Structures are given as C-alpha cells and as structure tokens.
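Handing you this structure, nothing more for now.
Each chain gets a letter, A, B, C and D, in the order it is written, and its residues are counted from 1.
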Amino acid sequence: MKLGFYPGCSLEGSSKEYSQSLLAVAEKCGVTLEEIDDWSCCGASAAHSLNHDLSIALPARTLALAENQGMAEVVIPCAACYGRMAASQKAMLEDASVLKKTQGFIDMKFLGNVKLLTVFEFLQKYIFPVADQYIVNKLNQKTACYYGCLLARPKELTKLERPENPMEMEAVLEKAGATPIDWAFKTECCGAGFSMSRTDIVAKLSGKILEDAADRGAESIIVACPMCHSNLDLRRPEIKKQLKKDINIPVLFITQALGLSMGIPAKDLGLKNHLVSTGKAVSCIVKKEA
Amino acid sequence: MEKPTDKTHTPSLRKRMELEIGVLPSHCYQCGKCTAGCPLNEDMDIMPSQILRILQLELPGYEAKLLGSLSIWLCLACDTCYSRCPQEVKLSQVMDFLRQESVQQNKVNPKAKDILKFHQAFLETIEKNGKLNEVWLTLNYKLKTLNLLQDVNKAPSMFFKGKLNPIPERVHNVKEIEKIFNKVRENEGGTK
Amino acid sequence: MARIGVFICHCGENISATVDVEKVAQEAAKLSGVAFAMDYKYMCSDPGQTQIIEAIKEHKLTGIVVGACSPRMHESTFRKAAEKGGINPYLCEMANLREHVSWVHAKGDATTAKAIDIVRMMVQKVKQDSKLFPIKVPVTKTALVIGGGIAGIQAALDIANAGHKVIMVEKAPSIGGHMSQLSETFPTLDCSQCILTPRMVEVAQHPNITLHTFAEVESVSGYVGNFEVKVRMKAKSVDMKLCTGCGSCWQKCPNKKIPDEFNAGLSFRTAIYTPFPQAVPNKPVIDRANCSWFQKGKCGVCKKVCPVGAIDYDTEDEFLDLKVGAIVTATGFDIKHTDFFPEYGYGEFKDVIDGLQFERLASASGPTNGEIRRPSDGKIPEKIVFVACAGSRDKAKGIEYCSKICCMYTAKHAMMYKHKNHEGEAYVFYMDVRSAGKNYDEFVRRAVEEDDVQYIRGRVSRIYEKNGKLIVKGVDTLMNAEPIEIEADLVVLATAVVANQDAESVAQKMHISYDKHHFFAEAHPKLRPVETNTAGIMLAGACQTAKDIPDAVSQASAAASKVMGLFASDEMTREPVVAVVNRMIPPQFTTCTGCLLCMEVCPYHAIEREEILDRRTGEILKIAAKVNAGLCQGCGTCVAFCRNKSIDLQGYTNQQMLSEVIALLNKPF
Amino acid sequence: MSDFEPKIVAFVCNWCTYAGADLAGTSRTKYEPNVRIVRFPCTGRIDFMLLMKAFENGADGVIISGCHPNDCHYTSGNFHARRRWITFRSLLDFMGFDIDRITFSWVSAAEGKKWAELVNEVTDSIRTKGPFKEISTLDSSKLKQLFYDEITK
C-alpha cells in the first residue's frame, strides 16, 4: 500500500521546513511517503475567488494523478491545499454534472477512491502507534496550538469533533511532552492569503492571535499550515508595528515539534529557516526520563 | 423578485446566484451571527449579513452596490460564518460568486484592485508553471501593482533562510495545465 | 323479502322547486323490494315523522329511505323515527336530495333523474343494512396523572375536586416539577414557590388523590375507560411510614459531592436526600448510584443515625397494577444545557449558565440565597449578557422551533438582576421579542423603559474567556450590523426547550403519537388540543410543546374536564360503526389469514393479534386479527387494506358500498 | 357525441368532501348534475376495486376526494388512500388504462366552491373524452403481450 504525499507549492518554497520535518519524522518512524508524480498547484484562494470551475479542476488533476499512480491515501500537510483538494473531491462526488464537466477539463478519469489525510489524521494513523519508542525528549514548554481556519472549518471537510475548540493538535503535543495551553484564538483567522495584498489586515489578525498566546504564557506557537506560519512568523515586523510591542514567541510546525521530541537534529527540521529564532523553544527541551 | 432591468431579460443577480451555486438568500433571517463572528467585519464596507439582506430585497441598483463593494474581496473564506449559521447559508460561496461577477462586469472596487491583481498574478504563475513559485508570484504581483518596494527589505533575509527559491519548480507537462485553463475559459464563453 | 319504504321530502319548496318529487316517489315505488313510497311537504316535522312511523307499522317495512336533506343534518332525527316505528335505527338511510341536488342544479329532467338515482342507490344500500346496536363500554372512574409538575398537579386537583379518584405518578422523589425551581414568575414577579407549594401540599392531603413519587409507568394496555397500567415503584430504601423527615440522615451522610439536580448543578447534595426543603413528600430517598453502601458495601451511617430505624437497604423495586378509566400525561419538558453550544464554550466556562441555573441563583431558596453571584468566584457580576434563542430557531445545530418561554423569562431575569443590583448592566441579545400574552409585552417594555435593560438585536457569534471576563462577540443588526463586543462577568443562555429524554419511550408505552421533536401529538391541532389519538389519554403541559405556566395550567384544566366528561356516566355509548373480522363456527374457519396488515395501518392500535387455540390440546390453530371495539373509531382503513376481505366495517360494508355503486349505474333495477 | 352526458361517480369521505358538497348546496353554488356521490367514512376506507367496479358498470369518470393532508378526521386515512392511489394508478397506467378518467383531489368541508369547480372540470374533460368503452373492449391477450414486453425489456 503506497502512502501518497502532496506537499503543495508553499512546502517547496517559503515553508520547506514543514515538508522537511514531516518527512524526517516519517522516516524516523519507518513510514515512507511517496510524492504524487507531477502534481500541480491546488489553485488556493485565488482560484475559488476568481473561477469556480478552475478551483475544482486544478485539484482534480492532481487527485486523478494520485489515483492513476495507485495511491489509496494521500497526506496533505498544507491546510489550505487539503481544504481545496477535499472540497474539489466532495463537489465531484456529490454532483455528477460537476464530475462530468471537470473530467472534460482535465481529460482524465476521476474515481474518487483516494482518501485524503490531514496532517492530524496522518500522525494519528501512522505515527502515534509507533511514536513512543522514538520520543526521547520532553519539549517541556507551554505551547499554544493554533489551528486557524482551514484545519477547523468547514467541519464536513475537516472532520474535527469539536470545530470550535479542537484537541487533535494538543494530543500530539502532549505526546511530545509539552503542556498545551487553553486559549481563545485557536481557530481565529490569521489573514491567510492577504500576506502580500493586505499586509495591514494580516498584521491586525495575526497580532490578536500572538497577543492572546503571549498573555496566556505560551512559550511557542504550534501550527500546521504554511499560510498561518508565514503570517505569524514572517510578518512579525508589521505585527510589532501594529501592537506597538515586540512578541518573540517562536512559531513551529507541528512536525518540527514532534521531530524535536524525537531528537531529530534542528537542521534536519529546518528550524533555521524561521525569521523568529526558535532557540527559545529548543532551549526548554529536556531528556525524557525513562 | 425584481423585474429584469434591461431589454435582454437576463435573470437578476440573485436568481443567477441561486441557480449557479444553489444558495438561497431567503433562508437568512438576519440574525447577524455571521457579521458578529467575521474576523474582517471592522474593515468591510457592507457587513456579511447585509450582503444577504441586499440580495433578499433586490432594491433597484442593488447589483452594482454588491459587485462594487470591498467586502466581497475582503472575505477570506474562513467559513466562520457558515460554520455558525443557524440556517446554514454558505456565505463564502456567495462571496466567491459575487467576486467572479464583479470581475466579469468589471465593477471591482478600486480599493480591491491589489487583492484582485494578487489573485490574477497567482493564477498566471500557475498557468505558466503548473506550480506556484513565490519569487515569480512576488515579481509578477509587484509589476502589476507597481509597489515594488514592499518587502524588499525582507527578500535577502528570506533568501538566506532558504525561504525564497528563485529557480521555479515546474510541472513536467505544463501544456496540460494550460489546456485546463483554456478549456475552463472556453466553457465560460471567453470571460477573463 | 325486503319491504322498503321510501319517503320523499319537499322541504317546503327547497326540493320540490327543482326536483319533480312526485315523479321521484313514483319511480321509487317501482323499485324491487320497495313496498311503499310517498312524498310530503315536511318529512322532518312531527306529522311527517308520524307518517313514517305509521307507514312502518302498517306496511311491515324492513327498512326505510328518506329522500330529504343531508344525513349530516337529520339522520339522527329519522333514525329515531324508525326506532319508534319498531325497526332498528340503523335500517334507516337518507338520500341527500337537497344539498346535493335541488340546491345545486337547475330545474329539469337531469336533476330529477339524479334524485331518482340517489334514491335507488340508497334503497339498494338499505337492503344490505343489518341491525346494529350501540356499543356500551364500562368506565372505571379513576384517573391516572403521570407527572407531578404544575400541569399534573392542576389536572389532579381538578379531577379530584370533581369527586373522582386520582392516582398521581411522579418519577422524582418529590412533586413540584420545574416550577418549584423557579424564582419569580412573569408577568407578575410573584414568588413561584409561594404559589406552588400550597398546591403541592393540597395534592398530598387530598382524600381523592393517591400519590406515588419515585415511581414510573412501566406499561399501559387496554382502552378508553378500561386501561390497565403497571407502575414501577423504585426502591426508596426508606420506610415512608416510619420516617418522620427529621433530616438527621442526610445531615450525617458522607457522600456530599453529588451535583444537586434541584439547584441545576450549582450546589451539591448528599446520597440520601430530600430534593428541596418544601418537598412533598418531605421524606428522603437514597440515590443508590451515588451511595457508598450500595457502591462499596460500606458506610451505613444513615441507618445508624436514624432515630426511628426507617432506613432499609434491602427494599427492592415493586410493581403496582392499576385499573384506570382515563390518563392525563403531564410529563413535562427539559432544556438544552450549556455544553450543547460549541461557539459558547462547550459548557466549559463556569460563568456561562442556562436559564434554569439563573433561576436558582436568583431564588431565595437557592445556593446563594437569592444573591446573584457568578458560579466561578462568587463575585457579584457587574455586567450580565443574556442570549435569547440559544439553540432555538437554529435548524443547523439546535431545533428549528421557537421555545416560546425564553423571551419572557429573559426579560424577567434581566429585570430581577437590575432590581437586585441597580448599578449593574444587563444586555439582551435577541432576534425577535415574542411577548404575546396578557400583560406580557407590557412586562418586556417595563424591563426596557423602567429598568433600562439594553436590548440588542442580533445573535452572539462567539463567547470566550479572557482574564476572568467573558468576551461576547455580538452584533447590532439595527445599527448597520455594527459588530459589538461586550466584556461580561456572567452570560445567561436562554437555552431551547426540548422534550424529555425518555419522552419517546413514554409515548410508545402509552401508544400515543409524537412529533419529530418527541413532543406528544394532540388529536387535532385546533379542535382537539388536549386529547391524543388514543381515546381516553389526555395531554397537559409542556410534554405537548413548550408552554409557560398559564398555558400549562389551562391545558391541565381542559384535560381534567375531558376526563370528567368521560366519567360523567357509568358506561360510554359508542356508534356501532366499527370494524369486525368475520367469524364462523368453528372459529378457525375465519377467512382471516393473520397477515395483520390491518394492525400496521390502524391509526388507533385497535387491532390485536389473536391466537385461536384448540379447546382441548390448547395448541395454536390459527393467528387472526381481532378488533377492539373500544378503540376502533370506524375509519375503515383496515378494510381497504385487507387482502382477502376478511375484515369489514359495519354500516359501510363492502357489500353495501358495492350495491350502491351498481345501483347507481345499471339502471333500472 | 355532442349530446353525450358522462356518468361520474364520486367517492368522498364523510368529514371533509361530503360536508364540502353540502356547503356547495347551502351556498347554492350551481354545478353540473352528472355526478353521483358515494359516501365513505374516510378515503382510507375506499377500496380501489370499487373504482374498477364503477367503470365496469358504466361510469365514464370517477372522483376520489377527501380531507387535505394532515386534516384527516382519522389522522392518516387520506395518506393511506393517497399512497395506495399512487401505486394503483401506475398499475392502471401500465395496463393502458386511461388514468385521466380518475381524478384524485382534496376538498375540505369549507371548500364548497372548490367542489363545484372540481365537478365541472371533471365533467367537461370526460365529456370531451366521450363515453368509456375500454373495459368492454379490453383484450386480455393484448395485456399479456404488453406485460411480457415490459418484463423482457
């Protein structure tokens, strides 16, 4: 059984470290991820903003490829990509006319037999069962688990039990020996696609998020979405201007955090790639007593 | 229902929307929960709940008002509204629909031009490469908006941190992607 | 050989003006089996009826057809006449020559022809008629009231005061229901317990009322006037006769951390407990699920301290078999709890409470002795936000209906808060204020105008905790949908009214129908609002739908009056228009194959499965359907469904209907 | 054909449509005299074989009418009637019976006018259809063939 992998564009660019750390963790736990050959962009918010058909067709191509390459499951770590792919799949499976039209666009067959996994589902299904034997460190810090929009909503796609206050990420962090805090901005929006076109909005929304995390004593913020990451990490200067104060809580990808607990060296997790130094988070880590 | 405004008897914006995306404004009872929860409500010129209200009433000139609004471009499709709506009105889809209409009828709000250009730059980059390359996207976007200086200070640091990767990743068979784009366009009768 | 008499009425001019009545009579006379035919100006008049009576005697008639007005008008009149003439009243049929002929058609042959057709039709029918006799059903003049809330109490007292025996069954250890939990009542703001507790005591002391608390109905069988009910008396572990209610047991009980149902979980009670000080009966029971004696097998403190030795750990559930003539169902309602609302914190914020909890906070007998303090830290809130329609009118996550009482009690809550804390601020997020009722809207206006409660039109999207405050993200749709954020100390959700958890199973036990929300269904939404489809079972209070106290009480009295009506005579007389399964001798020769399709389709559960046994060996010879004449209402659905015509409807038999149809078309006879 | 007057039989329930017809009378609403009413306690009681009998005995058209949905005096009789009618109707249709000769309708006790209109409409349509002969000319072998074709499709 091949376990497919769809990195998505950001994970080849600004959020390399996400795929890097995901693959590192997977490898550590003896799980091989196979990248969908010749996958293309999901269209992200641009496609569904400007062209409905395109927003279904673009993911459809990749989904069809995955099917042809005989993948039963595909891991989609990027929350945004997952959202678009799942939406596209749902649209085609629920409406025959959409399916027909889309197959016309991509001129490929689509069967809909690939199961899409969010990063949580992947970790729960493939990493959790074996994780304990590899976890050597306690992260030993207060973390604010940040889901953002696309991991929590809409619930018919994300399949979360408690969309308003999910706990999936917390489960992972507890395994990694961190203490997740209870906070209010878990599922608030960070500004997503506006990081370039409306930086002011990003600064405001991400600002609120950082502020609440800081107020509640978070030592690190954990994310599972490249957009959330770049907004909370790269946009720190703008946020600083917005809040008129400096918050230097590092933002880690969930897989980086897990990787650290497994003692994977920082460079293999791409910790250096962040704008906000992750040193603070790393320094808290202690050996896990047997 | 509003009478068709012109001779050609095209169905009203509301009717077209109902037919295309199957969202019925009549289901909204104006509780305002969507507006209350919207992360961008402070920046919007027309509140989400009011957008539905306008669609319900269809007062003369309402189409221009909606298609020219900034709100439809500010919506980030975070689906907070939909996930809390007691009547399950898919507001984010309404926004998508209105955006596309406003582009087609080029009524796009001047304040939203940058957002639109970003989206267009994004799609063009994909059309060329099949994948998104942030460097290309950024350049393309800057050329469109001409605010070339935005983020230049960031570029070097990002570059050294390996966040920027100038050599674009491309889909082997880019033609395929182009085909998809063309077919979709044809299907729409050459809009955009 | 049938000897039918036909009597055609002119109805003054009403019929004769357009129908040639003489001709109709003449034609009728020619019909086979017609021994006598006449026409007369006013058949329904005294002389008219006398002529019928005499004709029956003189011509030895075996049945009569009266061609006059609609049977819905005068059927009973002429049936009585037939009876006076000495034939079975059900051997009289009416041909509707006025409403269906003379008044709707112009004068002419076609009209007269139609009149003749109808007469011929009825003549054929009456030939097929058979003697029928009204069904008499004895009535047990004892009523069962299920549920001891205000509705049940009202119904029980009304029936008992009318001189009938009443048995009340309440599942909780005390009667009183939700009303006993309320602080003050709208729109008068008088103290709930002050008006309720006297009624509770009255019930306990009433000579005609037998009260069974801590008991539940197990099963109901039988039919109107003759129900058989099995009641489970849950083991109280306390001898009610010996117990003096001194209270030393629960004062000493070590299990002190059990959430108190009466205080809506805002305080704790002991394992042996009386729900509240004014409880009726005011004697404790042991909650075995939480008692260390029953869970761990040790403790026994209460037994030691009881001065009269009333504690008995060995009592077991007992069953009671009751015979009652009527049942009043008053099982009440429940509300959604705060954990139902994801966007309002899944019930994890201590200071987000529901309406019932606020009632307890505001009640003088409550955990804070009537001081409104927040559950988390006991501080007196300076800002309270009330959220109306929490779960109501929310088809996506809650229920689509309006819970009816929330608008009023929310106004009351805000008012009471302002009365107790003049400096405090009260905000109400609402969608509509529905205050239809005597002095209701005035009440709401008072909250706004005199107690300056802030009403904001809009739903609350989210509530979260920050630095000991609750951030309420709402909107004011009346002000250009302006987003509004309030830092509140306490949030009260006016949560939706829903049916009881066990409503469905109760309904199934009683064979009454219920809607998709598990509220019990009335027989007719307008004209029979307190009866159910099962004759003899009435509804009272919020088990039917969300109701406030005045509505619940009036429905209870209405239900009581229905019961009294039933009890007015020793036996009920019912029209013999009921279904019968054909029977022969020996019984197993019935054509009924026992497919019991009729049982499926009968709306009244009037059809039972009967085993025809061999007299000697007792083995089952055949399964057949059996109609319970007490329950059958005579709709005849079973007849149409019956696969081999083994079940038939008296008064509308297959034979009768068929001969009507044939008579209509194949003319002349 | 022009002087053809159709024979129409109406199977109605006692509580709604029969009362409705009474109301038409008391309010003197005039309508075609071609209809003959057979009174049932409830449409749920109507055995559809009676319809066939009616046609067999020379009816040209049949009306079935009872209480509106949810208004049934016996709560569900009219639903049972409707359900059975839907199945029965498709059977008739399949057998090539002209189902337009049967009209299923709801007329409440308050709809005297509607009753009158119903009768007039049906009378007119049957009048244009002409007398009903199919049953007498029914050829069972043809039926069998029909059925065979259907199942061997």
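Criterion: contacts are C-beta pairs under 8 Å (C-beta built on N, C-alpha and C of every residue); 3 or more make two chains touch, one makes a residue touch a chain.
Being a predicted model, the structure only gives us computed values, none of them experimental.
**Q** Which chain is most remote from subunit A in terms of Cα centres?
**A** D
**Q** Counting only Cα atoms for the centres, state how far subunit C is from subunit D in Å.
**A** 36
**Q** Can you give the whole-Å distance between the Cα centres of subunit A and subunit D?
**A** 65
**Q** Averaged over CA atoms, how far is the centre of subunit B from the centre of subunit D? Could you give it in whole Å?
**A** About 57 Å, centre to centre.
**Q** Between subunit A and subunit B, what is the separation of their C-alpha centroids in Å?
**A** 23
**Q** Could you tell me which residues belong to subunit C and also touch two or more other chains?
**A** 343, 462 - these are the residues of subunit C that touch more than one other chain.
**Q** Among the residues of subunit B, pick out those that touch two or more other chains and give their numbers.
**A** Counting only residues that touch two or more other chains, subunit B contributes 80.
**Q** Each pair of chains that touch: what are they?
**A** Every touching chain pair, ordered by label, is A-B, A-C, B-C, C-D.
**Q** In the complex, go through subunit C and note every residue touching subunit A.
**A** Touching subunit A from subunit C are residues 342-343, 345-346, 348, 462, 464-467, 471.
**Q** Using the touch rule from the top, collect the residues of subunit D that touch subunit C in their complex.
**A** It comes out as residues 5, 7, 9, 14, 18-19, 21-22, 24-26, 28-31, 33-34, 36-42, 44-48, 50, 53-54, 57-59, 73-77, 80-81, 84, 116.
**Q** Provide the residue numbers of subunit B that touch subunit C in the complex, in ascending order.
**A** Within the complex, subunit B touches subunit C at residues 29-38, 41-42, 47-50, 80, 84-88.
**Q** For a test of understanding, state which residues of subunit B touch subunit A in their complex under the given definition.
**A** 20-21, 39-40, 43, 74, 76-80, 82-83, 96-97, 99-100, 103, 114-120, 122-123, 126, 130-135, 137-138, 141, 150-151, 154, 157-158, 161-165, 169, 171-173, 176-177, 179-181, 183-184, 187-188, 192
**Q** Using the touch definition from the top, list the residues of subunit C that touch subunit B in their complex.
**A** 343, 389, 393-398, 431, 457-462, 473-477, 480-481, 483-484
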